[in-house]
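The structures considered in this document are given below.
Paired with chain B in one complex and with chain C in the other, chain A is shared by the two complexes that follow.
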Partner chain A sequence: MQQESTMRVFYRRNTDTIRLLFITIVIFITMSSLSSRFLRPNNFLSMGFQIPELGLYSIAMMLVMITGGRDLSIVGIGNLSCIVAALIMRDGYAAGLAGGAMIMNILLGVMAALLVGVVCGLFNGIIVAFTGLPSMLVTMATSYIFTGIGVVLTNGEAISKVYPEYVYFGNNSALGLPIPLWFLIAALLITWLLLNKTRYGFEIKMVGSNPLASRFSGINIHSVLIKTYLISGIFCAVCGLEILARTDSAKANYALTYTFQAILCAVLGATDPNGGYGKVSTLVLSLISMQLLSSGFNMLRLGTYFKEFAWGVLLLVVLSANFLNNEISRRRYVAKMNKRAAQEDGS
Partner chain B sequence: MSVKLKSFVKTSQFALLVLFAGTWIVFGLINPSIFSVASFFSLTRACIVPALFSLALMLIMVLGSFDFSFTMVGAFASYCSIFIITELGLPQTPLIVLLLISIAIAVLLEIVNWFLIDKFKLQPFITTLGTHSMLKGMILAFVSTSFIYTLPDSLRKLSTNYLTTAKFADGTEAVLHIGILAVAIMYALVHVLLQHTSFGRKVYAIGANEEAARRVGINVSKVRFFTFCLAGVIVGIGGIIHDSLARCTVPLPPDLIGQELTFVAAVILGCGANLQARGSVVGTFIAVFFLRFVSTNLIMLGIPSYWQRMVTGCILLVSLLAQVRGKRAPQAGKE
Partner chain C sequence: MYKSFFGVIAMDGMDFDVRKGEIHCLVGENGCGKSTMIKVISGFYTYDRGDLFINGKKYRKITSAESMREGIQVIYQDFSLFPNMTIAENIMMYDTTSSGRVMVNHQKQVDSAQQVLNRINFDINPNLYVYQLNIAEMQMVAICRAIAQEARLIIMDEPTSALTSSEVNKLLQVVKDLKNQGVAVLFVSHKLDEILEISDRITVMRNGKSVFVSKDGEALPSKEELIFHMTGKSFSDKRNAWNINTNQTPLLETRGLGLQGAFEDINLKLYPSEILGITGLLGCGRQELAEALFGVIQAQSGSLLIYGKEMNPFSSVQEAVAQNIAYVPEDRLTKGLHMNQSVADNAIARIVDQFRNRLGLISGKKTEEGKHKALHTVHIRGMRPYNPVKSLSGGNQQKVGLIKWLASKPRILILNCPTVGVDVGAKEDIHNIVRELAKEGMGVIVISDDIPEVLNLCSRVLVMKNGRIAHEVFTDDMDIESLEAMLADDDLKEVV
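Right after this comes the complex of A and B.
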């Protein structure tokens, strides 16, 4: 056998990243040639503020998808924790807290929101792990429950007016980048570490690719699943806090379409919907390309309807392309093996 | 007959029926008008459209597949067919032609779903989520965004076609709409098809274990094709009846789009659960009535409407949990 060169090994290991990088560059060039306003710094700054919400939800979705499940309750968890934090901070602001009391109140709100994320994630995880029901159905039901609790807490109205000091975090930049973007970068780093440098990261991929085999090899599937939904819930809560900081309001039915976009983003980012494979680098690229497309569509004034249509087509095209790609390489492999077998028979 | 009755008593559909009857009595004691015939008639009218759409979803779920786009397909088909008729200026078009156009569009769209799921082996849920979004954008961006209030004559006639009427105690009239006949016919047909033909048995076999079904020589692809087509036929009819009852047609009817979960809940409550071969036509029928009954009467009992979302979610979750029997091998929550 010939020794493969390092370049080729690198290429083979990172085919999906390179392919996605290429797609992102093509989108970038197309959009900047179609609209002259696309390349303005302001445009990139506003993209930086828009990207973290979808990014955090996509991380939550990707983690669950690696186990082979779906989490349809991400937006429900995010909005519920956003509402809980908003209720606490609004009352504090209305009472005119300042200084140390204000910081304590904000911290209380943040902790409560994270707690909501933990509880909701645990709830999902325990049901999925111990009943073996399809996660899609379970999280579909819990999404109704979480959103329903949010509606009951707010009577269906929007909660607004929290501390300007808190809202500052969602609308200003630090070190040249929007503050929410720093949170997203931190979340991506944590996910990368989790997936690549910990035992849990190895186990979650094992469970996703073959639950039975991983059980026989001594992995505690229940604990892996519960941990996954728990972590996903925490990311959703962080996203809820980010939404509160950026918009200064909380609403039970805010941006329900993020569920679909998060699935699209994860699948586009080479996460295998059957479980077992997911990568942070491709997720980042798919996030960037989706945001470029979205901002580009807005600049071309194509409207939200067209955007919805384009998302749907994009998802179907990506899935079909993945299938065809796998099918071609499988056939090529089979043909190669047949040829080799024929040669051996001949000699 | 008595043997059949005895075996029915043991099923979970019977348990659901008992639950329904119990709820009916409790609600009725609080609000006696629930016991009236008129109340039953108005409940029936509200159930016609959900019943048809749930039936279509049930068929696909028995197959072990899933369709998130069926409401959108129904809405798309009926809106487009009425839009075409209105644009051509043919208000005298008979009902059957309208139905045929709608069914043709719906079947075509379901064939797209089938092609992606069967030929490309894509995940049913994600795929149909994609077609759902695509159709939603397509109807608004390329067809029309306008509401059509003047329906073709035949549909207007259909909307005021009653079998019989009854009166509430205060004199308000309630009607038994003719659409319930369509529901009865479709349910009877699907029941016979699933329970008493070899095609129906094949559908269940594929839902239970696709690979095993393939090994015993079932043409999985073909059976799946016809099931998706049948679901298309049902949602095509359902869409037209929905528009007739609503007396106008809109691109995205709010009682269909975004309400997929209530239909899923009906199918699961009626024991079509777990995306496994356990669908029941009778169960779905009872479950549709039960869910609609609970949601309409919660308001009458003085519970604010914003509790509804939570109540539906809780009913679905409890019915899901109730179907977990014994200890199963962990499947990592896979589809």
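Right after this comes the complex of A and C.
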């Protein structure tokens, strides 16, 4: 084994993180200099309320992408969980429940929403694992099923008016940070633990990089895939609960664009679209840089839709940076070899 | 025709030339720069210093299109065919795409393809789809495609590694025919016997340099000389006497194991410290037997005795792993290793569970220690543990595959074609590792169609034919020719 300095090893193993950190800082400085209101605490507070939805969906997407798949049903699962919780809590609130009964009712709603996430995730996972069909097609189909069930449950209308006590969680801060942000932080920590500190985390990367070799290593691929979609479903359900708490409403077709934004966020966060690689630290940076861009453009009064344009550009910039980086290191190597050869010729 | 190179990245001052209508063989250990050189000639890579001449014309930079225009065609190991198209469409592909016509004249395409097929006496219906063919037939189609483009130099990258011995003979005949038609062939291979059979000239490469070129009109070097040039070392041909105590309980015993369409009535015993060879032609059932012993596929009849305990045939890999059985598959690329993951992660893929701490979480410190320990069991030259496995050469990848399974401390190790596509030096290393393991009491099954390897490594060999064990052979009084005759004999019977 060759010995390398600790710094170099650290750099080589964290190149994506360092590069993305650099890009995030550049965006931050540019935005701060373009708009005087950008650095106000209020701006950061509102960003803290906007990040968690995309963040939770991106985690759900990243996990599936590490297995080499795509989950197009994340928003469908999130909305369905949101609707089930909203139906339970709306009826409870309309019946005038208070005190212990109210807490029980809220807990019932939360549990029901999580159960929806578990069932939908299992459904996705079992089909993908046992049929071997492309996950993109399976989850596209199930996303229509989940959204369809949501439409039937709500008659296509928005469900609103749940307990103000529940809505409080989505719109207030605790310990200086928005409460939804605390949930996102917890979810990120759990994901980090899963990926880095459990056998499952090791296996999901192995399955993602080569399913057949994993099978020959005695890894139960079916179980790894089902677990992944299950966990992804739970994160979607948590996101649905967060949406209900923040907006006090549930709709079957709420924010469908999150699906592709989550893919963009995961790829920007150095998740390998072919599977086998994904990291929490880069996902966080990717989320932050996307949010900085969207808030910044909002302040410049360039309109909300400009943010999607900017995200597309950002993704292309980061992907080309990877390509350029490889090309530069190759050229440096060639130059070094030529120099060495020239010296040998000279001597 | 003259080409020469000086100082391409993986090539360090390589001088080399191919003449019109000759069969030139290029040999060398894995990672010596053979593939790089082929890719430079075909315009896939650019070279950094030196000169390249093709047909007397000097090229500073050559593109794939220019290389093809000069009549250079490369047949890679995967043939680059389109399985969803017919043979004729594949052969006439460039003709069709570059004709500039909108409509495709199907009949003319088939006729021209048939002419090309006739040129190498290959008898097959050009309307078959390529996915219906076996590997040897696909290779012929790839050769035809090269001929169809008026190739003057055909480069074959390890063309025989996936073929059976009778298919190899056919291929060699085709190569000789091509030579008679004035086409030069650059033949890259590990198998020295074939090379000595067909070459006009031989170039040996080592570390990106040409270390030996046979001269015109002189006799070709002997096999031992070639090995010496390739590795800089010489190897001896060892034999092992069978001295296993048959009174001890076998580690593994099968009784009447069978699987329809694959193998039947397999009875074998593997004793501790034994290296048991299983050989046979492709399709004789050795592949299926290996996978059944590891639970990848389930045998339908018979039973297994593991450490003397009788049990049903395994229905999953997990069951086999639970009995401390390890299996290194024949295809490290698709079945054995995770090419994009790091060497270290591959090495511990079997044993991550051991690194859990009291909380049940995997401890980073224990994992690092485990990686370090695993990677020190087998020496891999110039390896960086955090680089992906695909950055290693074939022989070193195979060592990583071994490490991965050895880390789990198996009692029974099944190796399927452990040295396919591995150079002579690494092959010897792998053989020595296997011998050491057997000495420590492990039972090893080596499945291979490499006869010298089986004789060299094993003391007892089972020869399979048509899904049955046909012969049991002790290697100390056996020579290569008679064992090969045993296999070839089966070939004849099949025809009758």
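Just so it is clear, the second predicted complex is superposed on the first by the 307 of 347 C-alpha atoms of A that agree within 3 Å, B and C clash if a C-alpha of one lies under 4 Å from a C-alpha of the other, contacts with A are read in each partner's own complex, and residues count from 1 in each chain.
Throughout what follows, a contact is a pair of C-beta atoms (placed from the backbone, for glycine too) under 8 Å apart; a residue touches a chain by one contact, two chains touch by 3 or more.
Please read these numbers as outputs of a predicted model, since none were measured by experiment.
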Touched partner set for A:Leu300, first chain B, second chain C, both or neither: neither
First, second, both or neither for A:Leu177, with chain B first and chain C second: neither
Contacts of A:Leu225 with chain B and chain C, given as first, second, both or neither: first
Contacts of A:Thr67 with chain B and chain C, given as first, second, both or neither: first
In the superposition, chain B vs chain C on chain A residues touched: B
Partner chain(s) touched by A:Leu34 [first = chain B, second = chain C, both, neither]: neither
Contacts of A:Val26 with chain B and chain C, given as first, second, both or neither: neither
Touched partner set for A:Leu315, first chain B, second chain C, both or neither: first
Touching partner for A:Ala94 - first (chain B), second (chain C), both, neither: neither
First (chain B), second (chain C), both or neither touched by A:Ala213: second
Interface residues of chain A shared between complexes with chain B and chain C: 212, 215, 274
Contact footprint of chain A on chain C as seen in their complex: 7, 9, 48-49, 294, 296, 316-318, 320-321, 327, 329, 334-341, 345, 349-350, 352-353, 356, 360-364, 375, 382-386, 404
Sites on chain A touched by chain B in the complex: 67-70, 127-129, 131-138, 140-145, 147-149, 151-152, 155-156, 207-208, 211-212, 215, 221-222, 225, 256, 260, 263-264, 267, 273-275, 303, 305-313, 315-316, 319-320, 323-324
Residues on chain A engaged by chain C in the complex (per definition of touch): 1-2, 4, 9, 12-13, 193, 196-199, 201-203, 205-206, 209-210, 212-220, 272, 274, 276-277, 333-334, 337-338, 341
Chain B - residues contacting chain A, complex: 66, 116, 120-123, 125-127, 129-138, 140-142, 145, 258, 261, 264-265, 268, 273-275, 304, 306-314, 316-317, 320-321, 324, 328-335
